[in-house]
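Each of the next two complexes has chain A plus one more chain, namely chain B in the first and chain C in the second.
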Partner chain A sequence: MAEPTGTRVRSGSRVPRRVLPYVEGAALVLAVIVPVVLGDRTDLVTLATNVLILSFLAISFDLCWGLSGIMSFGQALFFGVAGYVIALVGRDLEFSEIWGTLPLAMLAGLVLAGLFAAFLLLGRKPPTTIFVALGTLTGSYAAERLVSGWQYVGAGNGLSSIKLLKIGDYEFVEGTAFYFLALSLLVLIYAGARFLKRSQLGLVLAGMRQNEERLAFFGYRVQLFKAVVFSLAGLVAGLGGALYSYHQGFIGPGNMGPGLSTTAVLYCLLGGSGTLIGPVFGAVTVEVLSYVLSDLDALKPIWPVILGLILLAVVMFQPKGILGLVVSDRERIGSYGRRRKER
Partner chain B sequence: MGIEIKLAFDLLAFISVMVLIVLGLGIIASMMGIFNFAHGEFVLLGAYTVYLFESSGLPGWAGILAAPLVLALIGVVLERLVIRRFYAAPIIAMLGTYAVGLVIREIVRGLLGGHYKSISEPLPGAFTLFGVDFSIWRTVIVLVTACIIALTWAFLARTSLGLQIRGSLENPNLARACGISTSRLYAMTFAFGAALAGLAGALIVPLYQLSADIGTRFLVQAFLSVMLGGVGTFEGPVLGAAVVGGMAAGLPWVVIPVLADPLVFIIALIIVKFRPQGFITQGRL
Partner chain C sequence: MALLEIRGVGKTFRTLRALDGVDIDVMAGTFHGLIGPNGSGKSTLLKAIAGAHVADSGTIVFEGRDITRATPYERARAGLSLKFQITAVLPELSVYDNVLLAMQSAETLPRLLFSLSRRALDGEVTGLLERFRLIDRADDLAGELSHGQQQWLEIAMALALRPKLLLLDEPTGGMSPEERRVTGELLEPIKAHCALIIVEHDLHFIRDICDRLTVLDQGKVLDQGDVEAIQRSPKVQQVFTTRV
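Let's look at the complex of A and B:
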């Protein structure tokens, strides 16, 4: 996979050693051994599962911002709505089979995100980035307000004691089984996103991030590409939301509001946007820190302040995130087509 | 007859609150292209200043006078330390100002101890006109808003400093070539926007209870107002705020309240979608 450092391409520049595959591999190994190590500490396994589930949201946001340059301040909307959908299906139809509900949640995320993308992105005039950012923010905020006043979906209290996810007669409760379910789905989604990033579509997206206008002059329907990726990101967020809902047994208005949406932004920027694995690291870092600090009574009230300071520091001093420290720009943006073999 | 006048007055009072909040946001957005996510927290800080004055035994009106000054100071410091790094990148600016806002909000939440504090109206009571009761404080807000609009307009349109500001908005490079320090102007504009937010917070806090989220509830509406009115104009955001404020206060009378709130956002977004340049296109702050 990694090429020897001496390899040269035609331009004569040295190909930097590729780091991302190692990082990804290490993360996967770590993710597999974590529940084995934690074993009987069920609270920690629950935390780890929660982190995995929030990683869906982080990847979803990275698809928007890191890959296609859409600043979405409303990614939690798709997460929360899908969570509500499966909670309602469980409550009113008494149905929670895995083969039915998870695809349903993905569909819900995909369709809702598709509608949003069609409204915000498509049209005669290309929208400004500000409009898209504020549009997603508004959507998320409006949805939170709507749901918190709507009795049918539990209003401000949200929906609790959601039916457990099951395959046949087996029910997934919090614990190792749920962890591995979330992990395998996350790996699948991650592999899909990774493929997307390295595909020819990914190449177009990379070009769009660089110079949207020029790509448009080449004849690419830039906004359509963005809309497609945005919808797919909605699908990922939807799957995450469904798992969240099943895992917590609870979904509330806060799970679709701007609060969670901006937390997703933080995951992504802290970890390193555009690397896919970076946002996962961001989610792990933030959630684990939050768990550790909330045990310390002195720090608990100022934790949101610390979060804000972290975000500010990242935005001001390290916009490439943690992974930007070890991953070269070239690798972050990605390389496309076949690698040239040394002749 | 009485009820219509009352309704119209309530609408006018809410629109005034909206305009007060949006004015500062609109000026910052027009001048620097930055949508200031910390604006809600500036409003909060203005309200908090009044609370500090009240709880230390000083008269409330002194707090109201002090709030804009305090916020102008905070605005200058923030602009120098943080905001000026973001001028070239509006999206990053959103994230940066969001972070600033989060820090401010959570610090104030910690200081307030998570409680709601009610601030009494400096001029309580009501007066009767044509058999209808008007709240004195709301009337004051309406009048002050009208004054602020007039003064801000006069400042931008009639003074030489206002001319410099309009010039740097129109063409920053040319303004710099003419010897205008745009960097100083930006700092001043940001401080001015923050001061307006502080004044808004100080004036509205008696109407709403003081909590850490007093500013955030208006933030999204304020953003939509600016987009609706058109960035880069002075009248635009005022008009946008009037429309959004009018809808937010008026719609609950027409549809059920649960739907009214999201409906305001949806209508505003649709208008912006089909008229992205805003109501007023002539860029002349």
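Let's look at the complex of A and C:
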């Protein structure tokens, strides 16, 4: 039998052992015990809740970039718009029941992202990465400017004193209950994103990231797949935006602008894109570092510079992010068919 | 009726007339070779059929349907499958996943999301890998394969689409004589269910596997017919003795 020649390559290489499930398990255990450890430090429980909520935005961006190769510089748009939607529903309709408002926020994120996807992704010719990046950035910037001058939604001051999230007579205020609500929803969203990534659809996305043109010749409608994932990412961001509004009791123009959108990109790059859990670690790292550095008197005037330098160093010297230290490329990309015995 | 009817197809790149009024018929179940000197328009014609280039003039009709302006996606769905000249396997996916990705392309989005066909396709994917002698490398990354193995993987991926017409652009490029012989053996069984258009510089390989040949020169059809007729053609002999 002929054995093709050319560069001799290693044969029978084994698939490296998977570490992501252990990282995910450890992260979940840690997340569950955080409020117990923090005890009555309500300020830290509030910070931890905030980190969980921003993790929705991080996962939303990872669905776009890490899984599908869509560079969105406007992911905060869906986060912020959903936040405004539930704030207005609370203010004008006096409604904040969890069974109605959170699905509404997800729907707002889904529909808005779907409209953006239709415009940016579903043209006759496949759009370039730069076109999509600038399109989403422009959308995010335009929305921030629009809201800043619109009195009905509070203009530059945003909307405050947002009605508390309710289940029947129970109201979610800042604290442990809200933390576990956010954690439960984050775990559900994470499980859904993980299910998508490991499905046959995830294989299509993995192929798309490597060679879009090749997939079109297989008969895949690449842009449609991208539009679907982008819309789902909008749904995830929308849920995060609603939780943010309820938790902070406030939503402002800055929550849908390029600033927060870029922060989501940083979460992803810092933690490790394409891993789903990496961007969550990125959100934890950025937010905790911001909190710690801004709390130190000596560093107060310059903490954003220090944070920026740290982020720059990670992006330059560890481009695969924090998780890139322990997760192989093979595991990050995923394996969808048979696997030989692991070593 | 021909499976593929190409009528008066032309393609110009700036000032270069790459294809000029090409007429070809490809019948179902036949292996059709495209030969000609470098720059004669063979790969351009193959790409115009697959949709990588859109013809400026003329028509391309596949199974009675005009696909001249169809997208690559639409052509693939219609039953056309292209193996690129430069290997375009997905290097960061395993060999198995490359074939699975091609094979599952007919599935709907919900079926892909819920992985409803993963088990059902396993036998077919494994069968193709066994046929193309890649089963022992199934879990390795496609980028780790040798050049020859990548060529075989590409052909396996193109066949995984269950095409009615397979387009192969230099499938034996960079292969040893023995590998070329094996490639011919691997292609032979597909004749029962799939026609083939093949661009190849190795005239011995082309002669051994093809039923009909079309000779292109400077973007035009110089001659076409069965293999014996082309071998005897004075026009073809002149081109191949003076310019190849």
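Note that in this section the second predicted complex is superposed on the first by the 320 of 343 C-alpha atoms of A that agree within 3 Å, B and C clash if a C-alpha of one lies under 4 Å from a C-alpha of the other, contacts with A are read in each partner's own complex, and residues count from 1 in each chain.
Everything below uses one rule, namely that a contact is a pair of C-beta atoms (placed from the backbone, for glycine too) under 8 Å apart; a residue touches a chain by one contact, two chains touch by 3 or more.
Everything numeric in this text was worked out from a predicted model, so none of it was measured.
**Student:** For A:Leu269 in the superposed arrangement: first (chain B), second (chain C), both or neither?
**Tutor:** A:Leu269: touches chain B, not chain C.
**Student:** A:Gly149 contacts which: chain B (first), chain C (second), both, neither?
**Tutor:** In the superposed model, A:Gly149 contacts chain B only, not chain C.
**Student:** So, A:Val326: does it touch chain B (first), chain C (second), both, or neither?
**Tutor:** A:Val326: touches no partner chain.
**Student:** Does chain B (first) or chain C (second) touch A:Leu93, or do both, or does neither?
**Tutor:** neither
**Student:** Let me test your reading of the model: by the given contact rule, A:Val173 touches which partner, first (chain B), second (chain C), both or neither?
**Tutor:** neither
**Student:** In the overlaid three-chain picture, which partner chain does A:Val29 touch, first (chain B) or second (chain C), both, or neither?
**Tutor:** Neither partner.
**Student:** Output check: A:Leu188 vs chain B and chain C. Expected answer is one of first, second, both, neither. What do you get?
**Tutor:** In the superposed model, A:Leu188 contacts neither chain B nor chain C.
**Student:** Do any residues of chain A touch both chain B and chain C, and if so, which are they?
**Tutor:** The answer is that chain A has no such residue.
**Student:** Please output the residues of chain A touching chain C within their complex, sorted ascending.
**Tutor:** The touching residues are 1-2, 4-15, 196, 199-201, 203-204, 206-207, 210-211, 213-222, 224-225, 228, 329-330, 333, 335-340.
**Student:** Along chain B, where are the residues that touch chain A in the complex?
**Tutor:** So the residues of chain B touching chain A come out as 35, 82, 85, 90-92, 94-96, 98-103, 106-107, 109-110, 220, 223-224, 227, 257-259, 261-262, 265-266, 268-269, 272-273, 276.
**Student:** Using the touch rule from the top, collect the residues of chain C that touch chain A in their complex.
**Tutor:** Its residues touching chain A are 50-52, 71-73, 76-77, 81-82, 84, 88, 90-94, 96-97, 100-102, 104-107, 109, 111-115, 117-118, 122, 125-126, 133, 136-141, 144-149, 151-152, 157, 161, 174-176, 178-179, 181-182.
**Student:** Which of the residues in chain A come into contact with chain B in the complex?
**Tutor:** The contact residues of chain A facing chain B are 71, 73, 119-120, 123, 125, 127-131, 133-135, 137-139, 141-143, 145-146, 149-150, 258, 262, 265, 269, 301-302, 304-305, 307-309, 311-312, 315-316, 319.
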